[in-house]
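Below you'll find a set of structures to go through.
In the two complexes below, chain A is the common chain; its partner is chain B in one and chain C in the other.
This part shows the complex of A and B:
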């Protein structure tokens, strides 16, 4: 018995060795590895390193040469009120997007997680926003919130409230954009949370019902605790995407009015492509990277755990 | 809702569903309605257009190369999707099933790349693409995205989860790695490939910041950034803007309705958008 087992193990081990000696194996491995590796090195690794390199340089007036300036881009950034305004706007934006998107997505997921007649139709409707490109979502809301023709202002007027300058007032524009962003993300959140809800064993609910627990108790005592790992992961993903939201801002407000919607990534875009200060923009993007890295590290731990247990 | 009588709970549940779905879809319905109106009818109240007309679509298509924009987006998204599937399958297979020196190091490297967001690399990548002379070309839009750390990671996990016996059998039959990948791993990985493909396509179709900075020639624009272009030309003709937006929405909407399963699996699997 032991012998047979051993020889089996030896067989398994010996196959790759034999293969390695065969002509062509090296070529095959190279074909498997090289295309992806080269692409990653050239278009991800090199630009990442270059972002750091750029951030320690400054271009001359013609933009033709870059001189080493050490940390002075970073020093300038920390003293730049425009940078801090952008950082503040970014976090305020995320602070609105994340809870709104999670609550709306959870509401949708709770309604369609379990089957009922017509569930397919409602899943399609609730998940639909994932199929709506950011630019289309932005235009749809631009029209929906139109000062004169927009449906929302029409409704406000119908119930006797004044129409609001949703995207043209410095106070309202950022929260409004956050709502648009949350809306566009509802489908994504609902999909992930529905998957999470479906993994909660039905027995738990049955046991709770036997003990006389109502729907409300079941939600707080079973659904929410069991869903919390998924919720945590989805929340982090939403933070990450909301910190780098760009398209809807570019289309709807161009960072205005009065720079109220100039978020971090928009500041970087403007400094690089309108103020032609690439290295200063690079310093700001490295700073953004460090913030995102911190969050992504948390997300990755969550992802690793999920993959591990599946 | 267990305290409510059943005859009441059911209709109430459907009412709630209907109202919520309606509120979620309303901005899109408003857009759809605007696209079927004439400019004179734009501000007529009501969700239904008073005199439905295709005028706005005709005008959008006549004044703007919308089909060209869509074609650009389609070429770019398909090329990226194919590339990602290919590079993810090959490197994913190598990391899961081939033994070579430094394998775990390489896997760690790919996992590390998962943490690098596009928003950080886009400035230096722009300079690189400029250096290569790719500004205003498909190359700029496609090549940087042909390999995806997330795709490689997902394919590696999937191929690793397949039974070892199958790979041993292929070996014993004398199949090399490429044949084993093609005839054994890929057919079994079809659901994973479908999900990854849907995810990649959606991400590529939705790209905004990158095409905005590498494309400034009108006929090379992708559908997403072309919408900004249409909007800036048609300042007050919201019906034309709406028609253009509907035309851009149509392909992803159709793809989503037809391959909903793959999209949902892709999103649940990757948990990343764009």
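This part shows the complex of A and C:
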């Protein structure tokens, strides 16, 4: 099909009416993309612009009237200790989620990248966590992590260890949520990394083996460098998703105890839909947007240079 | 197939014909699960009972979701706003300040409805600046839940009135620890919720916010660091640290499962939790309920739950239709059906004397606790409950303070510090109203 289409295009290029052909094709492409573009415009672009606009205003109780206040929402945000606590919690959260998810995902991918009897079963098992909706997973984790008589604590006590207040202590709640988040994401990470591993040519390993390289050396000298483009992409995705994790926090801790799990995005949610401070929440989401943009740019520039491309 | 289409067309046409005669009003509510079914049943009864008005009910998610949808509708110039909306207790100040509400009192007076038919506490709660704004729809209060078997085994006689000191003594006696000192059964379990601090203040005759709970004038400061609230939090925290009270966090369900499994002998929930708790406990042990505790002298609790409000901007004809629905909700027979199905209590007088209600109360005496508590509560500004804006945000602050105290910060200090933050929230809210 694709080849036929290409040759058709080549044909068109060689004949003089190609301008008209291109225009027709452009129109066709535009028409095909239109529904997707419209959705993007209505549900992503417009709300984003609206958030920018809103962040420069202050509104009355019902949000039916607005006054232009310039940058005062941003100034307030920078002075607000609650905002900075949320920022701190967010980065601590990401600092746990990203390495845990990447290492576990890589381990899982290494296990199932090469075919062996029953590999499909293992691949399915690893991917299963991704198929569980956040809400369902959160309810199940709520049971496992119940402070008194939860499954996890019963296991701990069975082996003589003290029960832990997983979600009810401000020290443990955020790391616990981070692990739950990493658990949910590890399947998707594993799938992407498996695909990356399968792209690495087998003859590289053969050559290495002939040169007497052990498994460890092969991993460091071949697997990791060759996998780095995929790893980089996955790392970026994980950072971005961990900075915007919401469902599991909302369902398991609601930002508590003592605001220890009130991450940036949860602060925004509370300020907007709970405290009815939409314009202030808009300023915080614009700031988060800029940070995510900056992170993506930095990672592409910095990490991008060190990534090994074939 | 053709027949099916004909039937469907017939229904559609019939529906159109009816819709021309009937006025349709929209009712948004936040009652899910068992409560949602009971709400839908009321709407269905109303629609079947007369042929002038059709109520179109819609479950809009949590109370906060409902308020957000209302805000969105009003921002869009009122498109799609409901005639009647259910909003939680602590939204009373906000609803009155919003200017979007048609006060119930205006309609009641215009229709010669005698306001003295209302039970005083629900009426007082939703009265803002001297005017009744909302109709208390689902009204609840907090009560004590006892594992009666544990109580009997420990030789503690059941009472329906408990001071904090008595409750503490009972909780200690009911706690069982193993040889290693680890608690195997807790004496007490309270979910971390600001509501219990609020209610303990009221029940001890104290205010949660200034200007007599915001009832004499607009509240400008919180007073949740009052002696009663401090004593309550101090006791609670001490019991948690000593392994007498369980800390299961903010999630009520996590505390309820503990109680239902017999791992906590006393618990504190809402009367609205009663049906769910009884169902969860099943035949494990008998449950007894009692009045909410107090510090020195029992004053009375405020009501919780939610009210329904009429939204402004509709035609007189539409408003009359909404009023007809409200009148239906206020009828003793409707109230009787509602409270038997839910565990809430009636908001108009004379409902508890109805035979159906009496029978239900005999069958399940635990359901009478809430009503008796209401009837025996003093009617004053403390039991009217705190009226202030920014309450949802302030509750978050109180809950953080509770968590700090449970970890060892002195209760007075935790609440004093929380007051600083809460006062800022209140000041900001008040400023946004005056603008």
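Heads up, the rule we're going with is that the second predicted complex is superposed on the first by the 250 of 310 C-alpha atoms of A that agree within 3 Å, B and C clash if a C-alpha of one lies under 4 Å from a C-alpha of the other, contacts with A are read in each partner's own complex, and residues count from 1 in each chain.
Criterion: a contact is a pair of C-beta atoms (placed from the backbone, for glycine too) under 8 Å apart; a residue touches a chain by one contact, two chains touch by 3 or more.
What you see is a predicted model, and the numbers here were worked out from it, not measured in a lab.
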Just checking: does A:232 make contact with chain B only, chain C only, both, or neither of them? Give me first, second, both or neither. neither
Given the touch rule stated above, what does A:167 touch, chain B (first), chain C (second), both, or neither? second
Could you look at A:107 and tell me whether it touches chain B, chain C, both or neither (first, second, both, neither)? first
Kindly classify A:60 by the partners it touches after superposition: chain B alone (first), chain C alone (second), both, or neither? second
Regarding the shared-chain residue A:219, is it in contact with chain B (first), chain C (second), both, or neither? neither
Mind working out whether A:155 is in touch with chain B, chain C, both or neither, as first, second, both or neither? neither
On chain A, which partner's contacts cover more residues, chain B's or chain C's? B
Go through the superposed model and pick first if A:84 touches only chain B, second if only chain C, both, or neither. neither
For A:275, using the defined touch cut-off, is the partner it touches chain B, chain C, both, or neither? Pick first, second, both or neither. second
Which positions of chain A sit in both the chain B and the chain C interface? 142, 146, 148-149, 273
Touching chain A in the complex, chain B uses residues 1-3, 13-14, 16-17, 20-21, 24-28, 30-31, 34, 42-43, 45, 47, 86-88, 90-91, 93-94, 98-100, 106, 110-111, 113-117, 119-128, 143-147, 149, 152, 157, 168, 171-172, 176-178, 181, 202, 205-206, 208-209, 212-213, 223-225, 227-228, 231, 238, 241-242, 245-246, 248-249, 252-253, 255-257, 260, 263-264, 267-268, 271-274
Quick check: in the complex, which residue numbers of chain C touch chain A? 64-65, 67-68, 71, 74-75, 94, 97-100, 186, 192, 246-251, 254, 257-258, 261, 263, 390, 392-393, 396, 399-400, 403-404, 407, 425, 432-433, 435
Of all residues in chain A, which touch chain C in the complex? 60-64, 67, 142, 146-149, 165, 167-170, 253-259, 270, 273-276
List of chain A residues in touch with chain B within their complex: 12, 15-16, 19-20, 22, 24-25, 28-29, 31-33, 35-37, 39-40, 42-48, 50-51, 53-54, 107-108, 111, 116, 118, 122, 124-144, 146, 148-151, 154, 183, 185-186, 188, 191-192, 195, 209, 214-215, 233-234, 237, 240-241, 244, 246-247, 250-251, 265, 268-269, 272-273, 278, 281-282, 285-286, 288-289, 292-293, 296-297, 300, 303, 307
